[in-house]
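Right, I'll just put the structure down here and ask away after.
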Amino acid sequence: MRTIISVDPNGKPLAQPHMHTRWHPDIPPVATVNVGEAFKVECMDFSGNSISNDDCADDVLDYCWDQDHHLSGPIRIEGAQAGDLLHVEIMDVQPFPERPWGFSMIEPGAGPLDKNHTRVAKAIWDFEGAITSSRHIKGVSFQGRPHCGEIGTAPSAALLESWTDREKALNHRFRSHGAICANEPSKRGAYVGQELPSDLAQKIRLHGARTTPARENGGNIDSGTLTSGASIYLPIYVDGANLSVGDLHFSIGDGEPTCAIEMAGIMTIKCHIIAAGMDTLGFTAPVVIPSVVDHFYQARLAFHGLSVSDQGMQHLSNPMTGYIQAASAAMKYLQRFGYSHEQAYILMACAPIECRLLATPNIPTANVSVALPLGIFNADLRPSSTNPVVHDYGSVAYLSEEREKLHNTRHPGPPSPFCLEA
Amino acid sequence: MRTIISVDPNGKPLAQPHMHTRWHPDIPPVATVNVGEAFKVECMDFSGNSISNDDCADDVLDYCWDQDHHLSGPIRIEGAQAGDLLHVEIMDVQPFPERPWGFSMIEPGAGPLDKNHTRVAKAIWDFEGAITSSRHIKGVSFQGRPHCGEIGTAPSAALLESWTDREKALNHRFRSHGAICANEPSKRGAYVGQELPSDLAQKIRLHGARTTPARENGGNIDSGTLTSGASIYLPIYVDGANLSVGDLHFSIGDGEPTCAIEMAGIMTIKCHIIAAGMDTLGFTAPVVIPSVVDHFYQARLAFHGLSVSDQGMQHLSNPMTGYIQAASAAMKYLQRFGYSHEQAYILMACAPIECRLLATPNIPTANVSVALPLGIFNADLRPSSTNPVVHDYGSVAYLSEEREKLHNTRHPGPPSPFCLEA
Amino acid sequence: MRTIISVDPNGKPLAQPHMHTRWHPDIPPVATVNVGEAFKVECMDFSGNSISNDDCADDVLDYCWDQDHHLSGPIRIEGAQAGDLLHVEIMDVQPFPERPWGFSMIEPGAGPLDKNHTRVAKAIWDFEGAITSSRHIKGVSFQGRPHCGEIGTAPSAALLESWTDREKALNHRFRSHGAICANEPSKRGAYVGQELPSDLAQKIRLHGARTTPARENGGNIDSGTLTSGASIYLPIYVDGANLSVGDLHFSIGDGEPTCAIEMAGIMTIKCHIIAAGMDTLGFTAPVVIPSVVDHFYQARLAFHGLSVSDQGMQHLSNPMTGYIQAASAAMKYLQRFGYSHEQAYILMACAPIECRLLATPNIPTANVSVALPLGIFNADLRPSSTNPVVHDYGSVAYLSEEREKLHNTRHPGPPSPFCLEA
Amino acid sequence: MRTIISVDPNGKPLAQPHMHTRWHPDIPPVATVNVGEAFKVECMDFSGNSISNDDCADDVLDYCWDQDHHLSGPIRIEGAQAGDLLHVEIMDVQPFPERPWGFSMIEPGAGPLDKNHTRVAKAIWDFEGAITSSRHIKGVSFQGRPHCGEIGTAPSAALLESWTDREKALNHRFRSHGAICANEPSKRGAYVGQELPSDLAQKIRLHGARTTPARENGGNIDSGTLTSGASIYLPIYVDGANLSVGDLHFSIGDGEPTCAIEMAGIMTIKCHIIAAGMDTLGFTAPVVIPSVVDHFYQARLAFHGLSVSDQGMQHLSNPMTGYIQAASAAMKYLQRFGYSHEQAYILMACAPIECRLLATPNIPTANVSVALPLGIFNADLRPSSTNPVVHDYGSVAYLSEEREKLHNTRHPGPPSPFCLEA
C-alpha cells in the first residue's frame, strides 16, 4: 500500500511540503490516487507539533490559533469531476507507533463552557495500545476510537467566496459586541507547504478559508464516528476532488467544548466516486455511514440541560444553552468526586461522551442530554446514598508561575461569541 | 401489583379525576405509594383523546394546544421530603392492549422544521405487538421503544414563581416580534380532574405552569431513553414528591420536530429515595441512566448540518440551525425516494432517529448530525450510483377539502419563535 | 387484530380445545390465517399450569414430564404448500397481564449440570413490567426478553416416521446403559384438545412425536432470539403449514441447563410464504434473523470450559463437557458470593447468559465459554482482591419435609444420558 | 514503552531465541516485566512463517503441524507467585505494519467440518487498515478484531504430568479406531529458541505439552473476545507466572473449524496480580472480561443445527454434531449464491460468525446456532423469493496440478477424531 503523504510529526510544519492550513481551490494537489486504491496519509497533529509532552501549559498560551489546522493534502482522485460525490472509506486511523501520546488543552475563551475562572491548562494522554489514560487526570482510562477530525474537498472559487461573504456578514452583524464570531481569512498562520509561484501563494494566503468550521465541503466535522469502518460522502466542487485530511484525534466527546485528544497519526483511506451524485442524491453537505464497530460504553449517566442560563435567564429554545447546562451539570457532578474544574472540562472533550439533541419544539427549552460513560471511571459514580466519595485525581498541567502571573494581569480578551445574547 | 391510577383512554378527559394539565404545588396527590413498591399508572394520550384513528386531519386543526399535556397524578411517595432525590425506575411502558394505535401530526408553526409549504397532516400508526407501521407512510416499519415523554415532580411555590417570571421575561424581550416564545399560564385548557375547593382550583388554573417544556422538575423531557429499564433521578421540591407522568410515546426520533408516536398507555413504576440527595449529589435537573436494552438500529445514514440558514445566512454557532439543516437534508433525501414532505417530516419525529450535537466551539458552526436508521425502510436507501429509486409510499391524512380551503385563507398565525434572528 | 387461539392460563389443559402435546401431521388445524395478517395466539405455560406460585417444590416432583409441551395450534396458513418456506415474524411475546409471574425448577436428572447433590427446587419469578426478580434468588434483577421456546410446523408422515426410527435406534444403541436418550412416542401425556374421531385421536397419541427436541420442523428451539422483532424461517411439510407455538419464556440463558423462566402468555405473529423456498433456498431446519433489539448486558464475565470431566478424565473434544465445565465454574463462582447451588443452577437457565462454542478443532478440547452478565447482580462480582464478599441471597423453594424424606429414599432413577461415556 | 520480545516475522523461527512451541515449567523466562507496566511483545504467525502470500496451497501440504504454535515467551512477572491469579489486560493486538496480510487454510482431516471432498486450500487476506478482504474469496469484506489465539502461563510439573496422563489415556481408549484424539508430546517440531543446557532442552522437547488445546493454564483459547480492551484471568502455577502468547489472528469465527485469519503481529499487554486469587476466587481455568468495544454485526442469519448426522443418524444430544449441522447448512446456503465449498469453509473460520450453544437438556438434540453476519457480504443474502442470486466469487488457492495429483493418490490419513461414534 502506498503512503502518498509522509510527514515528520516531530518536525516543524513550515518545512513540510504536503501540508496546508487553508481551504482554497487553487492549492495544487500533492498526490494522485485511483478510485478503489487503498492508500496511507500521514498527518501532523492539528497544531503542527506546537504542544509538547510535558507538565507545563505555557505552550498552550503561546500557540497561535491562526495556524490551525495543519492538513495533509490536497489529494487528487483520478477521474473525479465537479458534481460527483466522493465516497471516502476510512479504513484506519492510528497514532504514529513511535509517538504514542496526545494532548488536550484549555484556552480560556475558546469554547462555550468557558467561565472566567477557567485556567489555561493541558493534559497529556498516553496511548497504551488502544487504551488511553492521563497522568494529569487520574482514575480514568478508556478505549480510544481514533478518527479524523477534519476532512474535506477543495471548494470552488464561487463556494469559497460565498463562505467569506456570509462569515464576514456575521461578524458585521455582531461587530458592536467586539466578539469574533467567525475567523476571517488572515495571512497570519496561512500556510501552503509546497513551493508555489509567489502570486499564487499570496492569493491563497490572503483569500483561503479558515479551517475552523465544518462547511459544505466537509471540514472540521469533529465526529468520533469518522473512525475505521466509516464512510463519508463529500460533494466534489473541483475536478479531481482535491481531498485534504487532518486534525486526527484518539478520542472525542460529543459536544467537544475544547480540544479532543489531539494526535499525529496515519490514516488508511480508499476513495470511490458516485458520478453526478450531487445532482442525483442531492447532498450539499457531508453524509456519514458510521462504522459497525462502535465504542459503546453501555452504562451511561445522562445529564439533561434546559435553555436557561446560569443566571436564571430563560433563553429562546436554545440547544447551545442546553448543552452548556447539561455539560456543566456533569462537570459539577465530577467535581463532587474530586476532579478539578479543568479536569472535568477536559473530560467533556476527550472521553466518549454522548450528547443528544432530544426535542426541539418544546418552547422555551430545547432538550439536550450529555451522558457520561460510567465504565471509564475507576470509581463507581452512580447516584446513591453513599456517593459522592472523594478521591485525589492529581492535577492537569497549568501555566508556569511566571506566566500565570502575567496571564492574569493581561488585558481581558474579546467576549466569547457564546455569550452574545439572542 | 396495584393500578393506582385508572383512566378511560377513549373517554373525555374532563370527566377523569386523576388528571391534570398544569404544574402546581397545591394539586393534592390522588394516590400514595411506598418506596420500593411497583405500581401501575394509566395515562391518556397527551391530547386527552382529541385525535381520532381516521384518515382526515381536521381534528388536528381543531385541537386546542392549551390543553396539553394530560398528565396522570400527582402521586405521593410516602416519606419523600423536599431536598431528597426521587429515583424513578421505569419498569414498563405499554399501549393499552385494546387501543393498539398511536398518532403523529403536523400543526404548521409548531416546530423548527416548519416551512410555509407544510400542510396540516396526520399519520396513524398501528401497533402489531412491538412493531409499528402506518397506512399513511408506507414502506416503513420498526420496533417501538415505548416511553414516557413527560415525567416530573411538583414544583415548590418559589420554583413555580421563578419559572413564570423568567418565561414572561423572555416573551417580554421578544414582544416586538409577535412570536410566542413561551406559553404563559392560561386558564384556557387548564384542568385538574379532581374535585377541589373553587378558590384552590382557580389558583391552579390561573398560576399553574404549562407542561410544554422540560424544567428543573423534569417535565416534557421527550427522550426515548425513558423506556423500560431506565432510571430517572428527579429533585423533590415538595414533601411527598408529587410525581406526575404522561405524554406516552410508542417511538420517538431525537430532535422530535413535531409529535412523536403519541399513545395512551400503562406505565409500571417503582420509586426510591436518596435522602438529602439534592444537596449531596447536587442535581438540579433530571438525570437519567438509560436502559441496557437499547433500540439500536446499527446501520445509520447521518446527515450533517451547518449553522447556515436556507437563505445562506451564517448564524452564530447555532445547533438549532444545524439541526434544521441536517434534518431538512434527511427529509429532502427521503423525498427523492418518493416520500412526501409531510411523510418525511413525521418520520423525523417518530422513527428511531439519532441526533447528536458533535462539536460546539468550531465557530461559526455548531456541528449537528441527524441519522436515519437504514433498517426501518423496506427499500435500500444507501447512497449509490443506482439510487434513488422512486416508490409510491401512499399519503398522510390531510385536511378535508372544505377545511383546507378555509385554512389557507385564514390569517397567518404569529411568526415561529424559531425564526427569530439572533 | 384477531386472537385466533384463546386459553385459560389458570385452567386445566385437558379442557382446552386448541392445545396439543405431540407433533403429528393429522392433527387438524384449529384456526386459519392469511399471509400478511397479524394475529394473536394465547399459550399456557409449557406444563399446562401444573406449577404453582408458592414456596414449595412438591409440584415439581409431581409433574408428569410426558405431558410437555402444551402447544397452541395447529394454525393453517392459507395458501401454504408443502415445499414452501414459512417466514414467521414474531411481533411480540408477553405474559398475561393478570398473571405476571413465571417459574423455573430443577428436576434432578433432567439436564447436563445435574449432580447427585442437586435437590428438587423451584423459583418463582415476579414480572414487574419488563423487569423480573425472584423472592427465591435475592440480589438479582434483569430485563426479560420474552420469547417463544417452541415453534414448529407439522411434520409430514414420512418425516415423522424418520424421527421415530432414528430416535428409537439411538435408544437401542444405548439400551444397555439404562439411560433414556430420547423420549419415544408415548400415550402417557399425549393430548389433543379438540374433539377427534377416536381412531384418529388414538393414532396421534400412539405415534405423535414428543416435543422435547428441536427437529427439522422447528420444535423446541429454546433460543432467546425468538423475541419481538425476530423472523424465523421454517420448512413446510404439509399443505397449510400447520404451525404450533408454545413454551413461552420470560427470559432464558444460553445452554439452558434446566427450565428457563416459564410463563403463560400471548404471542403476536405475522406469516409470509416463500414459495418453493425449501428447494430454492435449501433450508431443512430452522433459520432465524434475530431482532435488532437485543438484550445486551455488555459487561460480561466469561468462564471457559475444557473437555475434561470433574474427575479429570479427558473427553474427546466435547462441547457438552466444555459447557458443563464452564457453567459449573460460573456456578461455583456465584456460590463463593453466597448463592446456593440450586440458585446458581437456576440462574444458568434463566438469566441472560451467553454461551459460545468458540473453537472446535483444537483436539482434545472443544472451547466453550459461559458468560455471566455482570449488570444483573446488585453486588459487584468482578474478580478483584476484595472479592468475594458473601451476602445472604435467601433460598429457593425446596420439597416439603415430608416429600424430601420420601424422595431421598426412593430408588434412584435411570442414569442421565449426559453421563454416558463416549 | 518497552518491546520486551522482538521477532522477525519473515525469518525462520529456529533462529529466533524468544520463541517456543511447547508448554513446560522449566523453560526459562526470556524477559521480566513489572506489575502495571505496559509492554509490547512481537509474535510470528502460529506457523512460524511457513505459509506464503501467494496463490498456491502447496505450502499447506508441506506444513508440519507438530511445529505449532510458535509462541513468544515465557515472560516473568516480577512478584507473581504460584497460587496467585494473573490478570492480563490486552491493550492492543495489531499486525506488523509492513506485513499487512494473513492467511487461512484447509488441511483435510483437521477439523469437524471436513468431508472427503474438501481440497487442500488457502486464502490470503489483505489488511487495508482495520478492514480485510481476500482476492481468494471475492464479495466479502469486514472489519477485523485482531486478537490473541493462544495465551497461557507455564504449567507446574504436576499439572503437566496430569495433562500428559489424561491425554494419553484418551488416545488409549480410542486406540482401536486409529484416530489421533490428542497430540502427545513429540520431539518432532518441539522447539525452544533460547540456548539451553542440552539435557534441559531435551527434557522440554521430550515432555513439553503440545499447544493445540486450551487447558487449565489458558492455552489455545481461540476466542475473538481476546482483543484490545479485554482482560483475561489466568491461574499461576509457577513463581513468576511465565506467560507466553502467540497465534495472533486478524479475525475469527466462533467454532473456527479450520484456521482463522492467521497473522504475525504485535501485542500490547499490562499485567496485574490478585494475590492468592486461585484460592479466594477459585479459578482453575481462564476467565475473560470481553472488551466494551465489540465487533457487532447486528444483522445476522442464524442457522440452527440438530444432533443428527448427515446420514440421518441421531446422536446423543451432541453440540459438536449440532455445530457441524448448523455450519454445514450455512456453508451450503453460501454455495447457492456462488461461493465454493472451500470458500464457505474458510469463511466459517475467518468471518465474525457467532456460534451459540442454546439449550442442552432437550434430548436427543443439543441446540446450536451458527450465525452469518449479513453486513460483510456485498450481496443481499437474506432469504427471499428473489434469492439466491448467483455471482462469481473467484477461487481460493489450491494445490499445484502436480501436487494435487500426488495428494489424491497418497494413502488416506487416519480417521478424523470427529468421526468417532459415541
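Points to keep in mind about this one:
Note that the chains take the letters A, B, C and D in the order they are written out, and that residue 1 is the start of every chain.
Note that contacts are C-beta pairs under 8 Å (C-beta built on N, C-alpha and C of every residue); 3 or more make two chains touch, one makes a residue touch a chain.
Owing to the predicted nature of the structure, the values given are computational and were not obtained by experimental measurement.
With B-C and B-D as the two chain pairs, more C-beta contacts join B-C. The chain with its Cα centroid farthest from the Cα centroid of subunit A is C. Chain centres here are Cα means. That of subunit C falls 32 Å from that of subunit D.
Distance between subunit B and subunit C, defined via averaged C-alpha coordinates, is recorded as 40 Å.
Subunit B and subunit D have CA centres that are 51 Å apart.
For subunit A, the set of residues that touch two or more other chains comprises 292, 294, 296, 298-299, 375. Taken together, the subunit A residues at the contact with subunit D in this complex read 1, 38, 89-93, 97, 100, 128-131, 143, 145, 228-229, 268, 270, 291-298, 375. Of all the residues in subunit A, the ones that touch subunit B in their complex are 85, 87, 110-112, 162, 166-167, 169-170, 174, 180-183, 212-216, 220-223, 225, 233, 254-258, 274-275, 277, 280-290, 292, 294, 298-308, 312-320, 323, 325-326, 329, 332-333, 336, 354-369, 371, 382-385, 387-388, 417-418, 420, 422. On the subunit C side of its complex with subunit A, the touching residues are 296, 298-299, 375, 380.
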